[in-house]
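Both complexes shown next keep chain A, but they swap its partner, so chain B is in the first and chain C is in the second.
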Partner chain A sequence: MNDMSWGTLADDKAARLDEAARNGLGKIVAADQAETLLVSVLRPNDRICIEGNNQKHADFISEVLSDVDPEVIHDLHVVQSNLALPQHLDLFEHGVAKRLDFCYAGPQGIRMAQLIEDGVIEIGAIHTYLELYARYFVDLTPRVSVVAVEAADREGNLYTGPNTEDTPPIVEATAFKSGIVIAQANRIVDRVPRVDVPADWTDFVVEAPRPHYIEPIFTRDPAAITEIQILMAMMVIRGIYEPYGIQRLNHGIGFGTAAIELILPTYARDLGLLGKICNYMSVNPCPTLIPALESGFITSIHSAGSELGMEDYVAARSDVFFCGPDGSLRSNRAFCQLAGHFSDLFIGSTLQIDTAGNSSTATSDRITGFGGAPNFGCDSRARRHASDPFLQAAREETGQESPQRGRKLVVQLVETFREGGQPVFTERLDAWDIQKRFGMDLPPIMIHGDDVTHIVTEEGIANLLLCRGPDEREQAIRAVAGYTEVGRRRDPKRVADLRRRGAVRYPSDIGIDTRLASRSLLAARSVRDLVRWSGGLYDPPARFRNW
Partner chain B sequence: MSDVLPIPQESYLELSARQRIARICDKGTFTEICGPEARRKSPHLATFGMPSAFDDGLIVGEARLDGRNIMVAAQEGAFMGGAVGEVHGAKLTGLLLRAADRAPDAVVILADSGGVRLHEANAGLVAVGEIQRAIFTARDAGVPVIAVIGSANGCYGGMSIAARSCDWVVMSGEGRLSVSGPEVIESAQGAGEFDARDRALVWRTMGGRHRYLMGDADRLVADDPGAFRSEIVSLLGQSRAITLETLRARNTELKQRIDTFGAARDGTEIWQAMGHSDPWRLPELEPDPFQAAVDGKRRKRA
Partner chain C sequence: MTTLLEFEFDNVKRGNTRRAAQIVGVVGSGQLEVLIEPAELDGKCEIVVETSAQGFDEIWRSVLDDFAAQYPVADLRISINDGGATPAVVNLRLQQAIAEVLDV
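Then we have the complex of A and B:
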């Protein structure tokens, strides 16, 4: 073994840095030198991460890279969580990149599906966030990473701003495996407000000609919340949060969970639940959380990313949010996902649910991926600490007073029909067709039926923990599927039996008068109301203002 | 954390047309004319396979307000965005002509409309012309006509012309008043001229605060049914002259406005030119501090 070199990666990195130096590049690179930098440090077939998140995107470098000569740079293997911008897919169309491992492609879902079908993109796998971060440290370590940051100093110390998001695992995996770390910075400053990435982990800083693209994707306008959503929110509080005593939880980011947040200061407070539910959350700083937080419901929130307009409010509530010594939010998607994975309850929505409780957001013509829902929405077989809801769920599931292991609560919150009159409940998920069409090893199921404990619709709550066997589960799901075909095929006698045992509960069974589900229950009915609750600290983006 | 939570009071913007009538008028005094039981539906919508409404989206009738006789009309925004069709328009015209005849202390029009119902084409356009003429007939008979704007659809197209033909315009900051809607301007002139998705821009150019500053709205109120009610009460029985002189003065004022502000790209530029040193702050102010800030620094109707 003596004649074998064990530092080839470091040698290779040094050679690439030399090439950049020969091309006249120092640590700080001007925007018009970005292409020279990429061509100097990239090699064909490299694994590359060009940071793409829910909010911030290294869009400038992505654009520059898609324009390099594919004769020189080609067959790159892209490993990044989010591909939300057209530039991210241009890389593949222009022949610079070939292979892709990713988590989420929301708005690019249709084009993504087309490019996969045309053989332009080869998919390694569609991961969950935690899976992809994990594989950065196993077999998908990036050779070159580009991260998006708010500011950098001349040494290369980086400040991510409140949207730290994916930056830490990307930089850690790359920098410590002799990879090359490039930062796209909104501005170069003498001194960064706080050091999120130390200078000696950074190889280059490119001063971008414009701030990186950032999207307020978690802002839900209370004006758009419907009375159906309010009814469902009442059912969740009355039928799940209260009886299980849910203190540690993770909310999805749809209108359904926004409705829950907005009736905490009214409905839940009137039920005497202040201090008893929703104390610790893993969720982005969604503006609809403001009234609950101000009325004392929420003790602590850890966030995967920030939300545009919430910066000052978050900074002024550092008891609740995780903030740096500079005062601004420090988010971290990897840790937030981990925290949510080990919380007591996840609640979120989906586009399709089958009669076994499997759910999917993949529909026939688009590939959007999963994001974080699978990690949040599964029962961790690794959990060893107990809590009241964790134990109660297991007691219900096993029928034993002292179960061997606990059970996380995973709640799907859906209206029986979604936009366009499409039924959410279906005998067979589109995911199976997608698997076949794209030759996938597994169907793109977001949350597996055996991880789901409750399904809440405007009809009622199916408690799958109390169902014995697949037939009962199926009947409980049909029982809350309303007037969809799936719902109309329920067996009324068996449903009546399930209802007697509490496996199916309709609003009247939990003391909810459906007539009281009105918008007057909302603690804020407009974005302006949210600004008022925040004492003027929340500064909503222009598209959400009606004043 | 304070003991008193800022749970919002009832919002005028969120109410249905019937709820608005119930909140504005004295309790139990509203008598509907030509109500849903008469089933005067649109004769046109069925042609397009579209659903119709038994009241055609407009509720009209007589009531008392602060003990005085009024006539009231309310547009239902949830039905076709409050758009004016043939029957809808005829009901409003009929109410105004009845007012000219019976002389109540006011006709109150609770507007919530995107304008003419395009499906009814000429019938809708004619209806708007008839409404405007009927407003002038009522005013000429000495009946004050009050336009009230604070709903989600705002007051656009033909209804904006009708509103500005009234004696008084009462608006909330959430209300919008303009002939062309944001999407119409954007599709005609391009997003570079007007970005309809920039809602703050929409309100800076068409919203209640801007209209109040320009003198297009005479009263600015909070988004609260009670606040609307008291302002309407204060205007009962108060007519404004409608003569050749007042019309000429209005035309002169409008020409001045174009000369002074014609090059402005945004409401803020206009407000600055009017002497507001920190125009970006104005939209953020709640109604009371806003009134205080703009007092003496707003245009008034000639």
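Then we have the complex of A and C:
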């Protein structure tokens, strides 16, 4: 054959581990030796993942890494889903990292845009979650990964706690391609409550001086839910969940879907829908789900992450949530994304929608990325199992009684205007300008128009499945765009025709009296109400306690 | 700074309003207060908007045109005190207010 070596990665890993050993490091590394560890096992141009999720972040290691000498460690290629903290970007400003493949940069979006424009960060691509995890197993396998865990034992067995999130795919890809896995642990214990990552996949454990950063991003205070959001929630239940019989679904995390959750025990129950809708959900343990769950609406929930304060409640409802033998939640963003992708319906919000139904959360001064919405919010064309909603949607779309394939329902839930009078509906998405400004190959569209089946606004429901051709879709979208420019340019005659065919439905068409949209419909009107519904098990973070 | 907008609609239908004036809503950011009262206006409906948001005159005109077409009520004065409400909130409050003076 030939004399090529086929174990160079393993040899290289061994050399790096040797260097760490020569520098006096064992498997458990003290916080003040973290920099020595990083300098021992990292090489310039390495691909690195420093676990940054939607919620938990290996923030201590990020901080240490951004302070290493860029003469020694430079041009790192960062491959991680979220960049939410300032130190994630400091890494690039200090010259330690250069290239970036990521999914979401919410709070750092403005600074990110600036650093890209200044040439400090080179973007490989902005991915969806599943896409980036997939590439860990194709051409973006990390050489070194740092994961954030709740606890580790002295052998290196890791317990992630309820926020497992991205840890499994990161560790799997790194450990099984001769990469180096480092854990940032909140505490070292004699015995972990459960083994989420076995010791022989872990190379080092750093005992962090403080618990890793974690963000309660899915907590929506019922006190802030408006009557308009309640009206739209009524329309979703009456106009979509009930007629299609939606049992398996994924909710976004905005106030709109929180309103739906909070009127299940009142409005939906009065309609006789208990047991008929919202049985199986792919969604984080959002506190606003508590009243519906306690009322018997939800049979099962799989979660991408956890939510601060929900730990005890979730552990006490293990029939509904996926929990380990230790009793605590086991979340997993990759599997939750898969579960949501193959469910019957996705509903979520966005910042802009154009007349073709394309939506985007990118506005001209910031680069935020996509997160998981594109995988949840697209037709699952590989799906082969049928269900009533899947078939009904396809019948509506094709006009055939026995369609060849099914159709997932993808619903966009938006008010026509955002706060400050910004219209959501627009003739042209900012995404096109962003593409041009940053020289992107594709415009950052979150959900493509041809994946969307329904747009719900306070004005009504556009059912795009019943539209024949782009002109009809455009008129149906204008019909629910209210008093925005886009809405005022509708053709009343064509809208009347679409309304007759059910492609546009106003509240009165589905038996909703808009005046009844009242906060008294909410099963919980405050965070305190949620605590009561939970029997005291929900323990909200301080910022949500105002009593 | 606030802007004052005045609208007038010639309505065909005679009012069958209750006599008492009604207030619906509260002023606040993104909210509005609607005072609706019967008045001798020679068959017209008069709507006055005091708003803190600038540059939305055309949208107000559209919203109120649609409202007047839906509820062609004569001899009615509507005063709106607006804290930057969206058209959706304006519509909801107007509908709630008109229900208070009409039996609709």
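FYI, the second predicted complex is superposed on the first by the 546 of 547 C-alpha atoms of A that agree within 3 Å, B and C clash if a C-alpha of one lies under 4 Å from a C-alpha of the other, contacts with A are read in each partner's own complex, and residues count from 1 in each chain.
The rule is simple: a contact is a pair of C-beta atoms (placed from the backbone, for glycine too) under 8 Å apart; a residue touches a chain by one contact, two chains touch by 3 or more.
Being a predicted model, the structure only gives us computed values, none of them experimental.
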First (chain B), second (chain C), both or neither touched by A:525: first
Between chain B and chain C, more extensive residue contact with chain A: B
Which superposed partner A:231 touches (first chain B, second chain C, both, neither): second
Contacts of A:448 with chain B and chain C, given as first, second, both or neither: neither
Touching partner for A:533 - first (chain B), second (chain C), both, neither: first
Touched partner set for A:27, first chain B, second chain C, both or neither: neither
Contacts of A:419 with chain B and chain C, given as first, second, both or neither: second
Overlap of chain C and chain B interfaces on chain A (superposed complexes): none
Contact set on chain B toward chain A in their complex: 1, 5-8, 10-11, 13-14, 152, 173-174, 197-203, 207, 209, 283-284
Complex interface listing, chain A residues touching chain C: 226-228, 231, 415-417, 419-421, 458-459, 482-483, 488, 514-515, 517
Chain A contact footprint on chain C (complex, rising order): 30, 53, 56, 59, 62-63, 84, 86-89, 91-92, 95-96, 99
Chain B-facing residues of chain A, complex: 223, 265-266, 291, 294-296, 519-520, 522-526, 528-529, 532-533, 536, 542-547
